[in-house]
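You will see chain A twice below: alongside chain B first, and alongside chain C after that.
Then we have the complex of A and B:
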């Protein structure tokens, strides 16, 4: 029983969190401003790169959603102490973590739908490419939300937490090949495909772009990208659940 | 279910913080709550009240000792304890972007309470806390006291068998405080058990069947408000301004406390006439009044601090 998962209250908490987030519609809208600005720049500079940029923008947006879990979980715990209300109740810690993470994902889905519509207009996606897009984005969400939840529990002050969110977003969203193709990197640094495909955001981007026919991956690169994304997302999600259970009470 | 709602035995908690000396927040707390009781923990800031509440509600693991809620160990089987408890956290706030009505309903549903029961309980809790008229406003627009009432309403609506309330009426006006008291009385009449912490000693006295005075992580005194007042030497006090000259004679009537030239005699009702006659003999004014719980608290805790410092 100790390792079995309990989902009491998750559906309701998910709905609660979605409703809370939807009240902050401005945050949802402004969360896509950087990505939108990049699309404009690329459209002006080299419109042929637009489909790659839109995919990068989607991956980046989903990683940001995970980082909103960091801020929300920390805010609820530090400022409102609502975590105590929910942890001292029949609702399980895993329901709390996943309810919050999924609720934020749902609330922040509309900008993703807009980006997908733009992508469809620029580069019609096959059924396989759409499937890969959804799977890869879910993997990024699982990774980022779990990482965000973990970091949210480490500090007792919101001001200490803010820089971590920014650091992670840049580390996973800007530095690796998310907004630019992997091939740009490997031309200059041939060895760079390995670390790039081990980073979940760039492996997701490479997989989506490859299945959509926007870039070429060798079978080995497919294996490394797919394997690392799947393993990292699954392990991180399991760790997030473990951590949620562990931190439901302080030691 | 056992008749004991909560049993704590020799609970200790030491906080270790990197770069700082260890802090013994609890140093062997033992207490028992019977089903249907309303009990208050009284103590100064940092006395250990919140630490105990958090341990008992499964939110914090003790360093040693045991706490059982309805016979279930809070450390070994928190998942069995959690459905039976509900907590108003200290300085907790509702979701700012939900209305009180939405927040209470969502919380009850998350606890597994069915729709119809949840709806009925929401209305009842809003009525009891007097926040019906702001029930459909986003909590961010409410005053501090209204937000606190929304938090208390959220928890009392659960009707959980054991309720923990950490300073539940902080920031509330006197009417709202009495609303909380009435709600808690109603809940205990239904069979719920309530453990609360408060700094309002009138609240503790009006509401609690028993009190525990906590200081330095230990329980100093336990009992009814009257029993605790008895511990300082009596339930009545005679105040004699300019009575310093009578101190020697007054000493035989009860416990003396001097404050400048004013002498306070803590005593029982049987000695009042004699003290008043003595004061009248020397043409000194004297007034009689009850010893308040606050005075008893200050005496008991002050004595403990003196002993620790000594």
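Then we have the complex of A and C:
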């Protein structure tokens, strides 16, 4: 019973968090600027890569949503001490963590819809490819939101948080093959497919691109990419829920 | 007697130790927060890495992209100035202390810009070394590059400070800073030649002609004889860069409210 999920307060906190986030329309809009910069680079320098880069931009955007959880959880806890009020209420810790993460996901969906429309224009997606896109993005959200929530609990000062958030975003979003195809990397470093497909952002990108027919993966590569994304997302989400329960206390 | 001593002390203070003081603030930030210092200057390197992977090798654009990264880094100092001046004014009420001190508005604003130049210096030096390794750079080339960086630093710091004076809440700092400076960074063709943009989007290329960072990029590209440079327009671009810097400074000085809150 102790380990069963409790959802008290989930709906109301999800609605609250969604509304709070939607008020920050400027942050939602500016959250897509790095993606826009990279899309412009590709459009100017090698437009043939554009559909792949749009998929990368969607994966990056969802990873960024998780990092938004980092900022929001830290802001509520450090700046406003509101988490003490929430934890003193009947709302369960997992409702607090998941309500916040889902609320941010919902609020940050409009830029994703715009990117999907661009992708449909550049490279119409089949039903299977769209399904894979949704699944992979949910996996990235689960991984990133849980990681962001965990990291948010490690800090005591807002000013020291953002560099780590930015570093994580760049390390997961720009270094691995997210905005460029896996083959660009493996042509130079043939061994690089293994680490690349173990990183959730690049494994998600590779899976979506392969199902959409934009690149080819061998059965082994499918297995590594799919397996690693599923396992990492599930483990991280379970850890996030565990951590939310463990850290739910008044300071 | 007391008043004589006070006057002497005040006179000494008014002579100004602004730059060393703000250099110390910049250095303290670097020394106390190495991660916070490293991360913002990594973005141009991430961009370079990405561009190196996607640019067709026959285009030979890497030196141009290194110059672009130097100008982009300098341009980003404006965003840090925005963040610092807003944080000090809104969150810490430090500006009230500066206003009450003998420090003037001009010294304060230049001080903020100078303290933010310190964390950007390592990136600029590393990029300068990379540039010297990938293309021959003459003495004139270095001088033009340094002058362009100086102008961009002054102008974009002024923009950052001017924008910060209109912010009402700390929550606005990141999105507004990102909106202004990343957008300006995207609109100016820093990482690719203007001619490439003119081929794909002539209207955009025309718009980019009104952005000071474009002038800076074009001047440096001409001075270094990089591919697709437009040397015939160097003087006009230099004049436009100087004019925009002066206008930016005047605007920042007039927009920035220098009083206790």
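Here, the second predicted complex is superposed on the first by the 249 of 251 C-alpha atoms of A that agree within 3 Å, B and C clash if a C-alpha of one lies under 4 Å from a C-alpha of the other, contacts with A are read in each partner's own complex, and residues count from 1 in each chain.
The definition used in the following text is that contacts are C-beta pairs under 8 Å (C-beta built on N, C-alpha and C of every residue); 3 or more make two chains touch, one makes a residue touch a chain.
The model shown is predicted, which means the values in this text are computed figures rather than measured ones.
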Partner chain(s) touched by A:81 [first = chain B, second = chain C, both, neither]: first
Chain B versus chain C as contact partner of A:175, first or second or both or neither: second
Partner chain in contact with A:163 - chain B first, chain C second, else both or neither: second
First, second, both or neither for A:15, with chain B first and chain C second: first
Contacts of A:185 with chain B and chain C, given as first, second, both or neither: second
Touched partner set for A:41, first chain B, second chain C, both or neither: second
Chain B versus chain C as contact partner of A:24, first or second or both or neither: both
Chain B versus chain C as contact partner of A:120, first or second or both or neither: neither
Interface residues of chain A shared between complexes with chain B and chain C: 24
Residues of chain C defined as touching chain A within the complex: 33, 35-36, 38-40, 42-43, 46-47, 49-51, 53-56, 59, 61, 171-172, 174-176, 178-179, 182-183, 185-186, 189, 191-192, 196-197, 200
Chain A to chain C touching residues, read off their complex: 24, 26-27, 29-30, 33-34, 36-38, 40-47, 49, 159-160, 162-164, 166-167, 170, 174-175, 179-180, 184-185
Complex contact set, residues of chain A against chain B: 6, 8-9, 12-13, 15-16, 19-20, 23-24, 79-82, 84-92, 95, 248-251
Residue ranges of chain B in contact with chain A within the complex: 54, 57-61, 78-79, 82-83, 85-98, 102, 106-107, 109-112, 138, 151, 154-155, 158, 164
